[in-house]
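Structures are listed in the sections that come next.
Across the two complexes that follow, chain A remains constant while its partner is chain B and subsequently chain C.
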Partner chain A sequence: MRPGFLLPSIHSAPPFFTQQPHPGTNETATEHWATLILTYARHRKLFVLRVEDTEAADSEWQEVLRNERINRKLLATYLSAILESMVAKNSAVYDPPGQTRSVLLYWRLPEEWAEVLHTWAISTGQLNTILTFYEITDPPIPSPLSNMPANLLRKAIAVLAKTGRAQLITVADGEGVRLFQGTGK
Partner chain B sequence: MRRGVGLAAFDRQEQSNRSFAQLSSQLSQSQVDNLHAQLTQFRTALAHFASTHRDSIRKDPAFRHAFQQMCSSIGVDPLAGPRQGGWWAEMLGLGDWQYELSVQIVDVCVSTRDRNGGLIEMDELLRLVRKLRGVTSGQVTEDDIVRSIKTLQPLAVGYQVVALADGRKMVRSVVKELDEDQAVVLAIAQQEGGRIVEDILVTRKGWTRGRARAALDNMLLRDGLCWLDEQDEQCGKAYWVTSAIKWDV
Partner chain C sequence: MTLRRCTKSVDGTIPIPALVYNDEELLASQDGVGIYDGTQKSANHQSGTIHVTTHRLFFVSAARARAHSFALDLDLVSQTDHYAGLFKSSPKVTLHISTEIASSSSTGAADAADDTPFASWECQVCGYRNPPGRSPAAARICGLCGVPRDSVPSPHSNPPLSSSLPPSSSLPTLRAPPSGSGADERACPACTFLNHPALRACEMCGTTLPIPPAAASSQSAPSSRPSSPDPDDDDDDDASARIIKVSFRKGGDRAFYGVLRRSLKSKAWVAATTMRSPATSPGDMGSGIARILRDAESTAGGRTAHMSAAFQDLEALMVKAADMVRLAADLNERLTATATALPGGAATEPEEATFIRSSLAQLGLQMAGAPVTQDMMQDERRWVESLTRELARVLQGASGSGLMRDRGVIALDEVWGGWNRARGVALLPPTTLLQVVPHLPAHTTPPIAARTLPSGLRVLHTPPFAPAAFAARLAGLLALAGPKTTTEVAAEERVPVGLAAELVGEVEADGEVCRDDGACMIRGGDVEVRWWGNVFHGCAWDGQRV
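So, the complex of A and B:
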């Protein structure tokens, strides 16, 4: 068990790992899964969950998708249904779009990421300069934005752009962004 | 008595009737007065008792139980609220206490309903209610829970205490009838820590496989009282009665 993350007691219940045929029960169980997945992702700063993670032995999701003690694991079909429900509730999006095997988890919504990005730029004095995506997601001093996937960053920048606080720029080796103080905030 | 003749005799008879009536009303009046006096005395004594023992009644479950038994044996309802003319409730604050407890019971039942389908074991309910109340507020007993659930009856929301064959009790918080087979399933699931499979019902209860499957599927699909586990090591497919599993809230 990874230190610092306490799995909920329902994770030790054998039937938790089976998709429930009763609609009401299924909804409850799926909700528990969605909460667990988001909490764990936030704790370990994981952004992506794939249906294949149920099978891969070296997945960073092992601890959640399996419970060795009671010899149960989440089946791929059920995880796929859970992801579908999470996407429906906007706590995740299929990424890349157009398939249903892999999602980007929204333990922070793009709107929330936008604020995190803006606050970070202000506190590190990087307003009005051009930043590459790489500089944001892999800064020399770790930030809340470290390791953030580029497509999520792009969504956050789009949110800031709407309020005139960011401008997406194409730079030589990819994409960059210029952040502004902005109005109102 | 010599019976007089003539008109005067009628007068005399009428007069004696009158005096008898007067005497009788005097007698009953004094009886009523006497009774009133006794009642007042009883009332004062009870009030005195209630106010001196108020704290013990609220804190000590054994004492509370004895007190409630005494009340029911003399035909006094300690829960009668102020509206029903019950000065008891005001005197003791017991009515409030009981209502407060029933609110907590509802709280626990509703908040665990999505896991147990509206059926909770008495011990589990007690544990959660105690947890909810904290340690300082004195102990709550099964008897208190049963009483509080009775106070919920006018609300017609179906709170009911169901007794299982092995003497355990469960509290049902949804309007749903449990049939006999389900009661048996529940009792066995309790012993097994929640897990139940067809084989257990067939070998222990002598049920046919069809009967066992029907009972389990009803609980699973119709009532949402149990969860399915398709990864059971022994049988491949097991049912878990969620109200029999111990959860931490």
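So, the complex of A and C:
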């Protein structure tokens, strides 16, 4: 259903899977890993990356975290170092907060997601109506927001609410949001 | 009879050195001798060895050493004669035994043998425990305070005067069996076994039994106690009978007689007594505590005298040393004066002056305020330079035989060891090596330099092993021949693996190479790290675009 993902050439170099002691080399390698992870996540619409994904054989991440052809895999210790660096650069955030084993990937930042949500509401003509989170993350017609984690959605709504384009409403069976046109800032 | 009366039976199987007292000394021995008791041959003592010591004469029977050996105290010998021998008659030494001594001191000897030589005793005065094994005469006096053993009467001690009591009290018990079972039985003089009167030798030990006077059979028992004077000996109490002859069947009589004479003359047994007897030293305060104190005082006095003599020597030396220091100072002053008087000043100071000053400095007579340090620095620089040349020879060798002939890198500890081994003498401390190393590049071709590896190991290396050169070579190798393990790098560079690891580690620290850890392998794994050229250099993203 999805076309294949084009891996970078560095992914077939064995040293890429080893954490390099030299700080400069390590920084370059980690940057490449961060780019690879975000690109892949965007491609596969993945929002969460866990350290355990290096070990789980059925994980969606196996394609990037392992390279069967050159017999190499990413070690959990190196992945947690990579995640730490990504969190530091705000391309990911620990989710739930207060631990370092799992991150929410920001292949789009909450601000970008806010724009996507707003655009989607306009295009589907759902302004000024109350939408539940479920209606947004699991619409009948697949949208860019499909399968979006609730807390990421909440962050996007919070961004919109700041500019007066959304209003968070507590409804009977959970949370809802009303989106406005909000012409300008 | 003389023989039995005057001698004591000993066990001849015990070596003589074990039989002698602590203060007794074995002087001479002679084998192949026989003993005459009086003028008659003594049947049991016809073949044996005779030993003369400072105190006693030992006869050890060759045939039956246990039963027929005896010892004779030399203080019983009043006179000796030497008979050189004639035709078939062997040379003989005749020992005249003085009767009164024999009768009196044989009892003393007997009771001394009873208790003294192999028993320790405690002095009544000073409490010193006297060790066993001293001669009877010496053993009667305390070895520490010199107080005679029995001077303080005690219920436990056995004064010599009362020593006649035990024999007399034991006599009845000895006599009891004869009176009960029959007076005819004869007691063996050696083992006291009561033999049948018809026997001539003891049934148990084979000792010749005394021939009983036919008239009085009851007198056989007293004869078994040679120490007690008995009437039947009166017949041979005349001087001619009181002799023992030693017949030398195998010669050696002259030497033996000489030794015996000397031993008799020196009277070691008397000397021991007089030495320890307080009566013979009239100037003394006496014995006991006073004597101990006096001994301690004299020892301390002697030590003080020695010490003061030694210190006098030292003082004389110190006076000389002061002279020497003054001389050195004088010399130094004159040198400085000459140097300043010269137009060139201190810079052109003559060679001799430098030499003198450095000599003084080496003697530890360095003068303050003189420019010796500068001279010494010059001197030391020259010294270091010559050492550097020597080390360069050791490393590179005159004909390519040095330590670094076919090695590019060598650890400093090995250099130090090799250098000192080459020197053999006048070994150098590591500090000197460290002093010399910075000067090496100037004296070596190709220049040998030092570098410190990441672990802190210091090495000497040829130019190809300078950090930049090695890094370039390693990067080239990895680019050409693909990834290598440390071992392969070591083989390629012909250096030890540990050293190769250090060198590659340094290149990695510079970011020229990167590693591929075997732990990252999906299958297998657990292999050595492989080194790659830095694949991240100039690596741009060429994967999927959004």
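Basically, the second predicted complex is superposed on the first by the 180 of 185 C-alpha atoms of A that agree within 3 Å, B and C clash if a C-alpha of one lies under 4 Å from a C-alpha of the other, contacts with A are read in each partner's own complex, and residues count from 1 in each chain.
Convention: a contact is a pair of C-beta atoms (placed from the backbone, for glycine too) under 8 Å apart; a residue touches a chain by one contact, two chains touch by 3 or more.
Being a predicted model, the structure only gives us computed values, none of them experimental.
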**Report entry** chain A as common anchor, with chain B and chain C clashing or fitting
**Finding:** clash
Query - Partner chain in contact with A:Leu36 - chain B first, chain C second, else both or neither - result: second
Query raised in the report: Can A:Arg72 be said to touch chain B (first), chain C (second), both, or neither?
Result: both
Requested in this report: Check whether A:Phe5 is in contact with chain B, with chain C, with both or with neither, and answer first, second, both or neither.
Outcome: second
Report task. Quick one: name whichever of chain B and chain C touches more residues of chain A. Result -> C
Report task. Examine A:Gly24 and indicate which partner it touches, taking first as chain B and second as chain C; both and neither are also allowed. Result -> both
Report task. Mind working out whether A:Thr163 is in touch with chain B, chain C, both or neither, as first, second, both or neither? Result -> neither
Requested in this report: Could you name the one stretch of chain C listed in 7-15, 115-123 or 511-519 that collides with chain B in the superposition?
Outcome: 511-519
**Report entry** Intersection of the chain A residues that touch chain B with those that touch chain C
**Finding:** 9-10, 13-18, 20-22, 24-25, 28-29, 71-73, 75
Requested in this report: Report the residues of chain A in contact with chain C in the complex, numbered from low to high.
Outcome: 5-11, 13-22, 24-25, 28-29, 32, 35-36, 39-40, 42-43, 66, 68, 71-75
**Report entry** Complex contact set, residues of chain C against chain A
**Finding:** 483, 508-511, 514-517, 519-524, 530, 532, 534-536, 539, 541-544, 546
Report task. Mind listing the chain B positions that touch chain A in their complex? Result -> 114-115, 117, 195, 220-221, 224, 226-233, 238-240, 242, 245, 247-248
Query - Residues of chain A touching chain B in the complex - result: 9-10, 13-18, 20-22, 24-25, 28-29, 71-73, 75
